[in-house]
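Pasting the structures here.
Look for subunit A in each of the two complexes below; its partner is subunit B in the first and subunit C in the second.
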Partner chain A sequence: MAATTTTPTPAAGPSPAPTPTANRLPGRRRQLAFVYGWLAPILALFAVFSLVPIIIAIWLSLHRYNQLAPVSPFIGLRNFTYAFTDDPAFLNSLAVTGKYAVVAVPLNIVLSLAVALALNHITRLRALFRTVFFLPAIASAVAASLVWVPIYDPQAGWLNAVLNLLGLSGRSWLGDPGTALWSVMLTSVWQDLGFNVIVFLAGLQAIPLDFYDVAKVDGAGVVSRFRHVTLPLLQRTFVFVFCLTTIGYLQEFTRVQVMTAGGPLRSSETVVLHIYQRAFGDFQLGYATAMSLILMLIILVIALVQMRILRSRWEY
Partner chain B sequence: MASPLTSRVPAAAPTPASTTSGDGRSRRRSGGVGQIVLYVVLSIAAIGFVAPFVLMVSNSLKTAQEIIQVPPSLLPEHPTFANFAFVLQNSPYLVWYRNSLLVAVAVTALTLFTSSIAGYIFAKFSFPGKNVVFVVLLSTMMIPAPVLLIPSYLVMNFLHLLNTLWALVVGSIVSAFGIFLMRQFISAIPDDLVDAARLDGAGEFAIYWRVILPLTGPALAALGIFTFLGSWNDYLWPLIVINDQDKMVVPLALTYFNSQHSQRSDLVMAAATMAVVPVCVVFLFFQRRIVNAFVLTGIK
Partner chain C sequence: MPLSRRSFLGRSAAGLSAVAAGSVLAGCSSGATTEGTVVSKPVDGKLNVTWWSHNNPSFVTANTTMIRRFEAENPGIHIVYQYFPYDVLARKLQAAYRARNVADIQQMFGTWVTEYAVNQLLDEVPSELSGSEPTSRFWPAAVGAYTHKGKLYGVPHEYNLENGGILYNPKLAEQAGIKEPPSTWADLVEAGERLTKIDSKGRADQVGYAFTGNDSITFTFLSMILQLGGDFWDSDGVHVDFHSPQARKAWVDETELVTRHKVDNTTWYTGDPYTMFFRGRAAMAHQGPWVVASGRADFPKFTDLAYVAEPPYAGDTLKFAAESGWGEVVNARADPKVREAAWKFVGFMARPDNARIWNLTSATVPALKELQNDSQMLAKAPYLKVPFGVLPNGRWVGRVHDRDQFWTFVHDAFVSVELHRQDPVAAIADAEKQINLMIDEKIGP
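Here is the complex of A and B:
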């Protein structure tokens, strides 16, 4: 790339062996040549595809930029105020995303912690069970979504068939505004559970057994051992899993797009899906970028608050 | 790129054993009943977890008539591979697969190279501006992907890379996370090793390639698995930059195929089966390494 201009010699390939007793100065020069020769192209790529886009994002958010329009006037913060005052669909998508995260994150955490605890207690077949729970995480979100769509089918779907068998009445899970979001969420939790199970399991196995023995001697029951030994010592893992899962679900896109396309009646339209539709359906790239920056701020604030609360609550 | 990965396999094996094998940590052998209950509950949950995949394969083997039958059948009454044949004959499925493989392999190999060499430089060299550059690098990790989506699209448009496989590769070959991970790992390698190689007259790149890289096996494996899966499964970015049918990668092609044959879930399930099953088989082979990759990168 444009790296060669800044550096004297790009030290490429295994360089010829120099004099055996190289004194410090030429050695230092060779080291710097290596550092700049390799770092420059890498940082150049990083700048073009990471730093420049950040600058463009800020610029876009302050302009009325539409790819199809000839001019893009500066409009200050009006994209941001517009989002909150004149775009009910954006507020709706915020509410949908909030609902999604508030339900799916605890559901995922509680279930994966329960599975990890169970796996940690069994003595045989642990690897087999772990594999089963982890397999969905390997599949692409698109494939996972497509697999679940026929399961939710109102006529020939398995979910309704099972419900009918139990004497319950089924419904059009993805076609009903009351259930579409929850149905997508079920697929998400099914798919993402395995990742957290593995991280929790590793955290659990890092806890020294002595702690449990001491607690037992002190007469602590199962519940109190979990509360006073496992939870505090699992804290770092817990904070990590909680933050990562929240950040992930606040950006949910693929599964809702594939399974419901945000419908019916925008009942499952998440923020990122709304941003995508504004940007690549209506070509309002400036406004869509402003919304993505709002989402970023929300994510940052929530992540910081979570880290604060979770750190302090269990600090011993 | 493959040699340091494969050469490290035996050396890295002892570490996984400690986290995966159950013996030695069977702490409560008391509750025989408790164990049975756990196995029963886990088995029911496991069946629920596998069921969607079983239904996917089962549906892919059904005839068009059977697929819309009410109530649905669990196993196909007349199993047929006609759906797979149809998908392969009426869509460029193998091209999609090749595209995915090409992109994921290129992204993975290049990311491993840039991350390890930059990680080595940040771990073992001092140069002016090092800390500033590193902090800038790290801070970009906090920016969620959707923010960079639209600007990156404009950059690709400017570079005339839209609708090419390059658009799926070039933006992904420098990873701040990868550089951070490799720097952490390489920092733990003693400086003496590098100095000794220098005294022996090794060139700087040779030290990186022959001394440092072979020692980073577990970290490279972890980063490689993550990068490969991330690239292989990515959907949103290809959705934005790729339009041509024969430039599509598998996840994007699946939704495209689904939209073309929305009423034929037997065909869609055959396409999905071909997308999922190979990846799962590869996973079963490398299971231990993948699990450890998640552990290594998950708990820093």
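Here is the complex of A and C:
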């Protein structure tokens, strides 16, 4: 193509003085320069605060890094193989995290959707209820955990007190390996519910009422309208809520750290807690970084799969 | 979560740091400021020596008292003092040594010291301070972690024992018809059984002998092995050996305290045994002497308190293992003149008259042999009589590498037996395997 263009060949002799028009870049290049110019600051921030740390993390994961030692020997993939072959606590933490996400994500979504549907149908005091459900979400995870620890107390906690009143025997909710994880999970769901309720409520309110009117004219009942109108039209909201909630629970840390510190018998030790303990308790930074990268890959794969399965192919 | 003395330091410090700041301001005359955790700044015209410590209020008060006294004797030297929360200090030291911007002197927990000494980051203690042998001046248990290849790399302040004494509630004992504190292991177990009260739903209204805290489980176990004449270290001196007949017997007997005698249980309460005691919910509790002062401060209305000797489990002396506690180390890369001044200050603190003040103020047991049974200390802290009686029987626990993991593996094995998930022999074998794997990983190829 270039051979057929009519680009003027430079004439012999002195070049003509450049005109303002000649100085202009071709349109596409100008647009790109404009875009990159505006993006430059954010790209620089991304490089400094994301890209460089990732590169350092990869470097760390390939070394036996001891902050105090003068040298950090290169050990290749040893940290990665160690996680799967010599550290049963890591495999345990993966299982705990998996269990946590598999139970807490659907529980959170079902409950928050139910609450959002209820709030969507009431007109009086809706703002008050919305605030009540959202309040735990704005509390810090540490504060929320500290509220729940005394509730679970086997001696003086009101959960056992209520059970006793009902003639049931209480237990050490956080001290028993059979209940510790579930107890923390309940706190998580309680605290995180409000955020998803607000998102679902926004999704529900964005659905045009015409769809419901048409469905009603066609004779669709409440269940049918929910199944054939609400659920499909909430699909984009579902993708958002599902991905964010899953990623959040796969990274669960604060509440288990405050409420159980991963115990008893590592029954509530999530991956991030295990990584934290190895990094800042045992100062095995190389190994902790390798585990972080493994977790990152797991989350990436799960998020991609979720987005692929739940992707929406329509607009309204 | 069971609370160790080390984590107690951090937690109590958070709540009481404001109190400390007040006492610090009163104690530190030159250039004192409330800015952050800096309590004094460099002074022009003086040789400034920087010092970091953790922020437990009683330790800060003791430290600032030492600064005031030292600067009065040495007007040309100024100690620039900063303190940090316990966890922050632990991490800050690692990062600061790596970045070569660490203080000239640091107050370190003994168990941390060995790692720094091995990596040649600490200055060797001058001979006039260390004595002919480190153990000539200091108790072996207190100085163990400060030594590496026969050389001393820091000066310990305290003998950090967790064994030796039991919190005892005479009122509850009398109500149960027990006239005297237990003097034998059999007495202890029997008293624990009689003093435990369980309601119809299987919950403990009163714990007989609270000992299932993270520290107590491990220290009791190690102590029982030593009293049976065994050792918990393998013949290589690096790995642990929990397969010996003594270790197995000790472990079975310890776990039977919860499975058979039911004097305590890790699921009966959250928190630590000593809190249960000071709330009047435990008749006896196994805890080191530090807890007496802390308990009195936290529960000032509680008066039914006696601190009695822990009866031997086997034989007639209570042998036990102890970690090395808090002490001072000096940065090997500090300026030579500053290092000299730093050691002068550390030596000043280790003088018996100053060490007495420091130990009394911080409610700790002295690392200096010279202060054993010190009459002035006993007059002000009579509860020290019990730990003073057992100090010669203690030995350094040894290089545990990762203290938290070591203790957690033993604690988890104990809970595993208590919940009937594993039999005692399998559980302790599992703990031994995990600890040795951890040590191998720490040592590296």
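Note that the second predicted complex is superposed on the first by the 263 of 316 C-alpha atoms of A that agree within 3 Å, B and C clash if a C-alpha of one lies under 4 Å from a C-alpha of the other, contacts with A are read in each partner's own complex, and residues count from 1 in each chain.
In the analysis below, contacts are C-beta pairs under 8 Å (C-beta built on N, C-alpha and C of every residue); 3 or more make two chains touch, one makes a residue touch a chain.
All of these numbers come straight from a predicted model, not from anything done at the bench.
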item	value
Which superposed partner A:A95 touches (first subunit B, second subunit C, both, neither)	neither
First, second, both or neither for A:Q155, with subunit B first and subunit C second	both
First (subunit B), second (subunit C), both or neither touched by A:L77	neither
Partner chain(s) touched by A:V147 [first = subunit B, second = subunit C, both, neither]	first
Touched subunit A residues, subunit B compared with subunit C	B
Partner chain in contact with A:F283 - subunit B first, subunit C second, else both or neither	second
Touching partner for A:V214 - first (subunit B), second (subunit C), both, neither	neither
Partner chain in contact with A:V305 - subunit B first, subunit C second, else both or neither	neither
Partner chain(s) touched by A:L297 [first = subunit B, second = subunit C, both, neither]	neither
Touching partner for A:V110 - first (subunit B), second (subunit C), both, neither	neither
Intersection of subunit A interface sets (partners subunit B, subunit C)	149, 153, 155, 164, 280
Partner subunit B, residues of subunit A touching it in the complex	11-20, 22, 27, 30-36, 38-39, 42-43, 45-46, 48-57, 60, 115, 118-119, 121-127, 129-136, 138-144, 146-151, 153, 155-158, 161, 164, 190, 193, 195, 198-199, 201-203, 205-206, 209, 212, 236-237, 240, 247, 250-251, 253-254, 258, 272, 275-276, 279-280, 285, 288-289, 292-293, 295-296, 299-300
Subunit A-facing residues of subunit C, complex	1, 91, 94-95, 97-98, 115-116, 119, 121, 201-204, 266-270, 281, 402, 404-405, 412, 415-416, 419, 421, 437, 441, 444
Residue ranges of subunit A touching subunit C (in the complex, touch as defined)	64, 66-70, 73, 82, 86, 149, 152-155, 164, 169-172, 174-177, 260-261, 263-266, 277, 280-284
Complex contacts: residues of subunit B adjacent to subunit A	19-20, 22-23, 25-29, 34-35, 38-39, 41-42, 45-46, 49-53, 55-56, 59, 67-72, 114, 117-118, 121, 125, 127, 133, 136-137, 140, 142-155, 170-171, 173-174, 176, 198, 201-206, 208-210, 229, 232-233, 235-236, 240, 250-252, 254-255, 258, 265, 268-269, 272, 275-276, 279-280, 283-284, 287, 290-291, 294-295, 298-299
